[in-house]
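There are two complexes below, and they share chain A, which is joined by chain B in the first and by chain C in the second.
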Partner chain A sequence: MNQFKDAGHLFRFAGLFVLAFLVFLVVRHFVVPKSFGEYGHYRGAAIGEIAALPIHYAGHQACESCHSDVADLKSHGKHAHVNCEACHGALEKHAEDPTSVTPKLPDTAVLCARCHTATAAKPKGFPQVDPEQHSSGVPCQTCHQPHSPAVDAGGAK
Partner chain B sequence: MNISRRHFLILMPAAAVAWESVLAGTPEQAPNYKMSDHWWGMLVDISKCIGCGNCVRACQAENNVPDGHFRTWVERYHVDDYHLENPQVISPDGGKEGFPSVAEDPNGKFFYVPKLCNQCADSPCTQVCPVGATFVAPDGAVLIDQAYCLGCAYCVQACPYGCRYIHPEKKVADKCTLCYHRITKGLTTACCENCPTGARQLADLKNPKDPIHEFLRTHNVQVLKPQMATGAKVFYNDLDGSVR
Partner chain C sequence: MNGVEGYMYPNEISLFWSILIVLYPYITGLVAGAFILASLERVFRVEAVKPTYRLALLTALAFLIVAPLPLVLHLGHPERAPEMYFTPHSTSAMAMFGYVYLWYLMAVLVLEIWLDYRAEIVALSQTSKGILRLIYKVMTLGSNNVSPRSLHIDEKVGWIVTLVGIPSAFLLHGYVGFIFGSIKANPWWSSPLIPVVFIFSAMVSGVAGVMLLYMAIMKLRKQKIDMQCVDTIAMYMFYIFIIDFSLEMLDLVHRIYEADESFRSLDFMVHTKLYFSQIVLQIFIGTLVPLFLLFLTQVVKFKEIVRKRIYVLCGSLILISVFAMRWNVVIGGQLFSKSFLGYTTYKVALISKEGLLVSIGLMVLPLIILAVLLKLLPPWPEKRPQAAAAD
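For the complex of A and B:
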């Protein structure tokens, strides 16, 4: 025991060190989220939280399950690959509750011009017109049915 | 009850089959999303983009992106004939309401470049986060845990593509999640859903039936800033060399 005669202060210090380590472990247990480290150095539960956020655009499959007539008309025209909500806007609420939430009819003067106004910056093959010259104010749907826009496909519906 | 040897031999396999189904448990009612089955990216076809801004508007509506901030935006490049090295790039309000018209017979070439988070596999932004609030999920989507984010903005500086911003109300980092809440439900992203020309396509690089593989084989496809070795998974077709 002789060699530990003057070592008391060292044991007290070691004791403090062990105590601090235990406190660290206890605090860590309560502070670190349960799912931290599940997949990597982050909170695994965050993935599920982000995936659970609500959607606003229902997707064209949802539209087509009811509006099969429009889907059929559209599938034969130039707009076959333009999805419904690209023009009609976000309609998840309408898909959830079709009776009380009804979408507004889009304004073709704004809508058609957005894609089809001529500018040299657009790809060459894309159909473009100068709205002023092309129709001088006559609404687009007078000649073009938006769901199948070729002129011989008929006028407004 | 007396069981003859004949009956015993018939019952044994039946019991084994029954026990198998007990061990397997009740089968899943719905096919669950499995992260290990996917590796998400996107294909952007420059030659199809008309700069209508539908993607930008759709993204804002889908993800409640505050005005003046963008998870995706569209840039218009003008590479004129004499300054090939220094293209003029504009993106008025992210291209949300379209672009100003150009002269009838312009000098040089114009094209639109939609931009978004490149969902890098070796992303610089996740490496600098001091608290583990941003990460590459097991399915390749780069996400932000906004409950854990401090808002220090290291990641905003680290992103070589300028895709991150500090949300003005939440005071935490925000960016494109590749519509993670949609793709995990079997839908495509809001921007891809609303692109009228199909210039944007969601791609699952782990799905052997995804048309992305055939496209990558047959087209000249690039990523942005390949010299940064970020492992970007947003592939651009027909990308001009002047795009930065």
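For the complex of A and C:
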């Protein structure tokens, strides 16, 4: 017994560890979301919450149902595979209420340069220019029709 | 582009890991090294280094408390830090750090310091006044038993804790090296030798740090430096440094001989961007000079004052060298492009979340914590109060 008496302080230290561990378990019980680990190392309920977020993008089918002329023009040009909202931005609200929500036209001098500014990282065949040298700030649509950008297709009207 | 030479992929231009990530292995290295010095006395019975035993433990604790701060500052969102404990991710080495850290802090350092100081803590809880008395009372955990038998048990358990502490110190710092060594996508880091090199450089920096602290504190306290102790520390520092340097050179020679597809790019980087920090600072000034001076102290009988000056110079150079080594690993590994065709530049900001001032603050903070610990738990033999034999 005496041996245990002289080691009593060690049991107190060990008790402190056990207590800390129990507190940890209690705190963990409350702070770790219930659905954590349901599918993987994340909160399972996050999937439902993300799915319930409001939709911002309408999708190109919604655009094409009204703007069939633009869709037609686009389908013959180099931008055939570029989605409408990649340039025009998220337009779900416009698709829902086309009359009162009017989208702003993008500034082509800024927008086009985003993809077509020359860098060494882009494939050689990709059309790329130094915007300053190429147009000196003149909007691209002066010469290029954005929906079918080859110069012979004519500028935007 | 400013600061970029040749071709860099866009996501390589700005460095993700800043000077704070340089500090993190540096600080944990000091912890591991200080603990290894303490274990020299406790486990390997090198009695000559006894005057630094407690100082080494308290230094290790002070630096360990600060060790996660660079990471927290770098990542932001400190409120998310406990999540690595609450939802452990067993396949992520980084996520496992929390457990390695907690084990080393609580099961090794705090326990060993508590066991070693218990008799004094009990005595101080009886003789101190005011808030200090309360602090010491809490630290006794309500047990005033300082009977010879209980102290004997403490001694035995303390020995076991130190024994467990040695692999734990290796684990803590080996882990930090593992984080870099296991990144197979980066040829500058990816090497199984990196964890071993990290451990030995950690040991040498921690030993140098405690030696310098011991000499500085003795000077401040106007007390005589125990030269036998400092001579022995310098001797061990010399031996460990030789192993560390040999391993680093082995890694270098291996890279040169292997000369894989990254070699030309890395070789160019070492001769340009890293020339000063690696060749000049780390290898020449920080390694060869102190190695030569320490070698001289081993073969020539210098006067005490000369030896002291050599040790201070070597200790400081070693600390600079190990910091340069961490810098060259962490920053160097991000300066070259994965295309092996270009290099970027890293410039430390002065005032920012990850800037120079914050880094200096992070290096000063452990010293402030150490000063508080030294006040609270004086390691000096003449300050040891006698406990009233009570249960």
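The criterion applied here is as follows: the second predicted complex is superposed on the first by the 106 of 157 C-alpha atoms of A that agree within 3 Å, B and C clash if a C-alpha of one lies under 4 Å from a C-alpha of the other, contacts with A are read in each partner's own complex, and residues count from 1 in each chain.
FYI, a residue touches a chain if its C-beta (ideal position, glycine included) is under 8 Å from a C-beta of that chain, and two chains touch if they have at least 3 such contacts.
The shown structure was predicted, so the numbers you read here are calculated from the model rather than taken from an experiment.
Enquirer: Between chain B (first) and chain C (second), which, if any, makes contact with A:A150: first, second, both or neither?
Expert: A:A150: touches no partner chain.
Enquirer: For A:A120, decide between first (touching chain B), second (touching chain C), both and neither.
Expert: both
Enquirer: By the touch definition at the top of the document, which applies to A:H56: first (chain B), second (chain C), both, or neither?
Expert: In the superposition, A:H56 contacts chain B only.
Enquirer: Under the stated touch criterion, which partner chain does A:N83 make contact with: chain B (first), chain C (second), both, or neither?
Expert: First partner only, chain B.
Enquirer: Looking at A:V101 after the superposition, I want to know if it touches chain B, chain C, both of them or none. Which is it: first, second, both, neither?
Expert: Neither: A:V101 stays clear of chain B and chain C.
Enquirer: Contacts for A:V138 in the overlay, against chain B (first) and chain C (second): which applies, first, second, both or neither?
Expert: Neither partner.
Enquirer: In the superposed model, which partner reaches more residues of chain A, chain B or chain C?
Expert: On the superposition, B touches more of the residues of chain A.
Enquirer: Touching A:L19 in the superposition: chain B (first), chain C (second), both, neither?
Expert: After superposition on chain A, A:L19 lies in contact with neither partner.
Enquirer: Could you say whether A:C66 touches chain B, chain C, both of them, or neither, answering first, second, both or neither?
Expert: In the superposition, A:C66 contacts neither chain B nor chain C.
Enquirer: Just to be sure I read the superposition right, which of the two partners does A:H9 touch: chain B = first, chain C = second, or both, or neither?
Expert: second
Enquirer: Output the chain A positions appearing in both contact lists, the one against chain B and the one against chain C.
Expert: 36, 41, 119-121
Enquirer: Help me check something: in the complex, which residues belonging to chain A touch chain B?
Expert: Interface residues on chain A, with respect to chain B: 33, 36, 39-43, 46-47, 49-57, 59-60, 79, 81-83, 85-86, 89-90, 114-115, 117, 119-123, 126.
Enquirer: Where on chain C is chain A touching in the complex?
Expert: 7, 9-10, 82, 85-87, 89, 106, 111, 114, 118, 140-143, 145, 147, 149-150, 153, 157
Enquirer: So in the complex, which bits of chain A are touching chain C?
Expert: For this pair, the touching residues of chain A are 2-3, 5-10, 12-13, 16-17, 24, 27-28, 31-32, 36-37, 41, 119-121.
Enquirer: Can you check the complex and tell me which residues of chain B touch chain A?
Expert: Touching chain A from chain B are residues 33, 35, 47-54, 58, 61-62, 76, 78, 98-99, 101-106, 110-112, 132-138, 143, 145, 147-148, 177, 180-182, 184-185, 187-188, 190, 193-198.
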